[in-house]
Amino acid sequence: MSTFFADIEAFVATIPDGAKLAIPPDYSGVALAATRALVRRNIRGLHLIAVPQAGLQADVLIGAGCVATLEAAGINLGEYGLAPRFTAAVLAGSIVMRDATCPAIHAGLQAAEKGIPFLPLRGILGSDLLRVRPDWRVIDNPFGINDPIVLIPAIRPDIALFHARVADRHGNVWVGVRRELMLMAHASAKTYVTVETVQTDNLLADPALAAGTIPALYIDAIQHAPGGMRPLGFEDETAHYASLANYASLAQTDAGFMDWLRTWLA
Amino acid sequence: MSMPAYTNEELMASVMARLLRGLRHVAVGALSPLPATAALLAGALDPSLRVTILGARAHQCFTDGGRELFDCAAQGRIDAFFLSGVQIDGNANINLVGLGDYAHPVRRFPGSFGSAYLYHLIPKVILFRQEHTPRIFVPKVDFISAAGTSPAHEYRPGGPRHLVTGRAEFAFAEGRFQLVSVHGDETVASVRAATGFDFLSPETVPMTSAPSAAELVALRGYARTQVQEIYPAFAAHAFGG
Amino acid sequence: MSTFFADIEAFVATIPDGAKLAIPPDYSGVALAATRALVRRNIRGLHLIAVPQAGLQADVLIGAGCVATLEAAGINLGEYGLAPRFTAAVLAGSIVMRDATCPAIHAGLQAAEKGIPFLPLRGILGSDLLRVRPDWRVIDNPFGINDPIVLIPAIRPDIALFHARVADRHGNVWVGVRRELMLMAHASAKTYVTVETVQTDNLLADPALAAGTIPALYIDAIQHAPGGMRPLGFEDETAHYASLANYASLAQTDAGFMDWLRTWLA
Amino acid sequence: MSMPAYTNEELMASVMARLLRGLRHVAVGALSPLPATAALLAGALDPSLRVTILGARAHQCFTDGGRELFDCAAQGRIDAFFLSGVQIDGNANINLVGLGDYAHPVRRFPGSFGSAYLYHLIPKVILFRQEHTPRIFVPKVDFISAAGTSPAHEYRPGGPRHLVTGRAEFAFAEGRFQLVSVHGDETVASVRAATGFDFLSPETVPMTSAPSAAELVALRGYARTQVQEIYPAFAAHAFGG
């Protein structure tokens, strides 16, 4: 089912304005080369679903005006503090923030993965999240007595977008222990992946690799994009932290962010 | 007043580590250098304690994706966890979202992360916050990310049991904080002045026990080495010696 | 958390009469050496939960009188037909059969894995399974209108018991793509595993192997038992089919089964 | 009457394979040699058809454990599936559990497996049963493993669309079977005599199209080779030529 694209502009061209886009956190496989191509083509109105939290990628997309709604359990730049463009946008009221809690986002995706309308989840009761998320319901557990429990509705993204180490020519993608990427692929209508390398050998033919592989059945678009997480490091923490620190200091102001963005897009 | 032979972070970490004694498994969230230090210290002193630190490859065994921490907690396999807040109130409600009205906040913070869930499911949640001022410890949080207490009929195997700050240690029981000990030169009165909510306390409380020699060795040896890899900035200033 | 046992009698000694025991199907990792030890020590009153279907192992335990209840979506000997001791026991009314459907067993285990009391599941409506499983409830989907949906209660086995290729000295167990074994381990209070081999290198230190590894956190007991699936073949289909065929022909009668059992236990 | 140049299994497989034309993904359950043959035949003739055969390593891509087939179906990623029954009735209810009263059965079969679920979720379910007699095709099944029809308000993207037997092919629509074609020497009357429930039919129906030369080549080449590895006993008798 997977289509291999020859360039990243073509790869992102089929991601429409207003798409409900599932993205992983900065420490997982963030598709930043694809994000840059999305900003370049001036995509608008994205509904980002952070699985379960967001970082640089979401902050850049928000700063560049691409985002209408962010659904996340949290957003920051790791040790480098608040996500400045997100903070500014929320204070200005220019994006809709759908606050969540990490397990609720996983549960919503698992509901979509299972094709069920909701998943129950313990905890959360008494949190103001229930007040600001009227789409989360509380029912009395039908298997208990006077036992309120929260129901999280299914989250079905239009597109899951992430970066991974390797795809094979059959369209299978290896993610290893990053199973949240597999959950995103199962739960989303389509899955777009950029990869460091493309190999000929079938990943599913190797019993060790197969265990960490998303089958091509779930993958719609693949783009070979070495360094596709830059400026973040892919399994290179020094580069990773340095980029976050640099961004965090520049993006404190609109002007500083625009400088960073111009450099990045150039 | 003499210069203490340990940093405030080292004192807090040793207090937090002592609260983990006898447990099987403590987990530490991402972006939590002080809890990570405490958990590593506790693990160094008790090798039977399993220490899970999210975001640190060397201290994490999960293989089922981002949901595993939360499933694992709900299965009862995690005994202790640490939470903090931009505000914490006298009912142990914590706020990680923002100040002012939610729809029109005056300040916005990252968000609730897993707190709304883990606070209910992990038996011993240890609240921590180094800055101990009335702007943090408020009468009532502006937004309840996670509720400190629940009605008796609600399913809640977990909840807050302790609070460790830069000035003092508290216990939390029956919906109230109780002062347990004060650090260094603090007094009941100075802690009360720094705290925006009321708490139980005898007239005088003991001084928090300083880190022992063995604790300092483990802190500045094993714990520091491990923390450095995860939180280089924190490690650069938090450890003495 | 894993304890390594020196012999299989000690390994099974801590599995009590009446235990709720989760077992995989014949094509997955069936712990038959452990099963033989359980029969030898005359275990009684087992509540078997087949994940999601059973075969030789369950039939032998039923024939040997070890089973009070079987919960399964199905039981047979693969191409070799009906499970004869199961069939005889049901016709004689000597075991309680809790009929299920495959995804309901997976869903019940996933509910236990998530620490939630139930999971909703599509389908099933109109099936007589709902009549014979009063513990399954039907509610109106709170997110829909006039939309009945089945709720499956959590299945929390006392013990998951299975056979796997390899454990490491730290107590981690590799199962590869056999993720239902991982689900069983997460959902069960305890997990007992027999393995073909025990290795020194930490499975979690290898990114490829880690993706298919159940961490020691979930493993309580490990027994080194090479050939622990015999007489079934472990990744050896010829031996596998031959044993099933042999058993299927002998176990048609009580006497034939007792002959087979005596030989197996000897 | 001349000896047909193909076996009854080959005819059934070719009929079932034609029902898969234009689809993206067909899945075949464990212990289903005839559907596996049909799916492999269809895949041989249309390489864009994805064929998943449970229990066959070479024809299965799942990496998320036993639940993945069911999740995948609920996600709408499987277009067709095959089900059978020890009894099948005129409402397309199927029984895989037992004969007689459930609590005191006179015969017991393996169980419902995934039928109660997949029957509702996979758009094109093809029922099959080579033995076509009144003991199989009954007025009403003794136990409904999976219901053929549902009230209109129930969520049901899937359901029975076809029935292929050793004697005939039926369509299923609006709650009734309709005879589409009869195999070889069968007639409407002979099929009716072998069927315990009523069905719609014109007075005469066409004879089922024999396997084409291309179908027979694919059946006896690729499909047979693949099926042999999964179902050696079946492969030994099902293929002619």
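Per-chain residue numbering starts at 1, and chain names A, B, C and D are given in the order in which the chains are listed.
The criterion applied here is as follows: a residue touches a chain if its C-beta (ideal position, glycine included) is under 8 Å from a C-beta of that chain, and two chains touch if they have at least 3 such contacts.
Please read these numbers as outputs of a predicted model, since none were measured by experiment.
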{"item": "Duplicate of the A-B contact set - from C-D, B-C or A-D, the pair where over half of the pairs recur", "value": "C-D"}
{"item": "Most widely separated chain from chain D, with each centre as the mean of CA atoms", "value": "B"}
{"item": "Cα-centroid distance, chain A relative to chain C, in whole angstrom", "value": "36"}
{"item": "Geometric centre distance via CA averages, chain C-chain B, whole Å", "value": "41"}
{"item": "Geometric centre distance via CA averages, chain D-chain B, whole Å", "value": "60"}
{"item": "Multi-chain contact sites of chain C, meaning residues that touch two or more partners", "value": "107, 110, 114-116, 121-122, 144, 147, 149, 177, 179, 182, 210-212"}
{"item": "Contacts with 2+ other chains: residues of chain D", "value": "62-64, 67, 70, 74, 121"}
{"item": "Touching pairs among all chains present in the structure", "value": "A-B, A-C, A-D, B-C, C-D"}
{"item": "Of all residues in chain C, those that touch chain A in their complex", "value": "107, 110, 114-122, 137, 139, 141-144, 147, 149, 151, 153, 175-177, 179, 207-212"}
{"item": "Touch list for chain A against partner chain B, complex", "value": "27, 51-53, 72-76, 78-79, 82-83, 86-87, 90-91, 93, 99-104, 106-107, 110, 121-129, 131-132, 144, 146-149, 177-183, 241"}
{"item": "Contact footprint of chain C on chain B as seen in their complex", "value": "24-25, 50, 61-64, 67, 70-77, 121"}
{"item": "Residues of chain B defined as touching chain A within the complex", "value": "30-31, 55, 62-68, 70, 74, 96-98, 102, 104-121, 143-147, 149-150, 153-155, 231-234"}
{"item": "Chain D-facing residues of chain A, complex", "value": "1, 112-116, 172, 182, 186, 204, 210-218"}
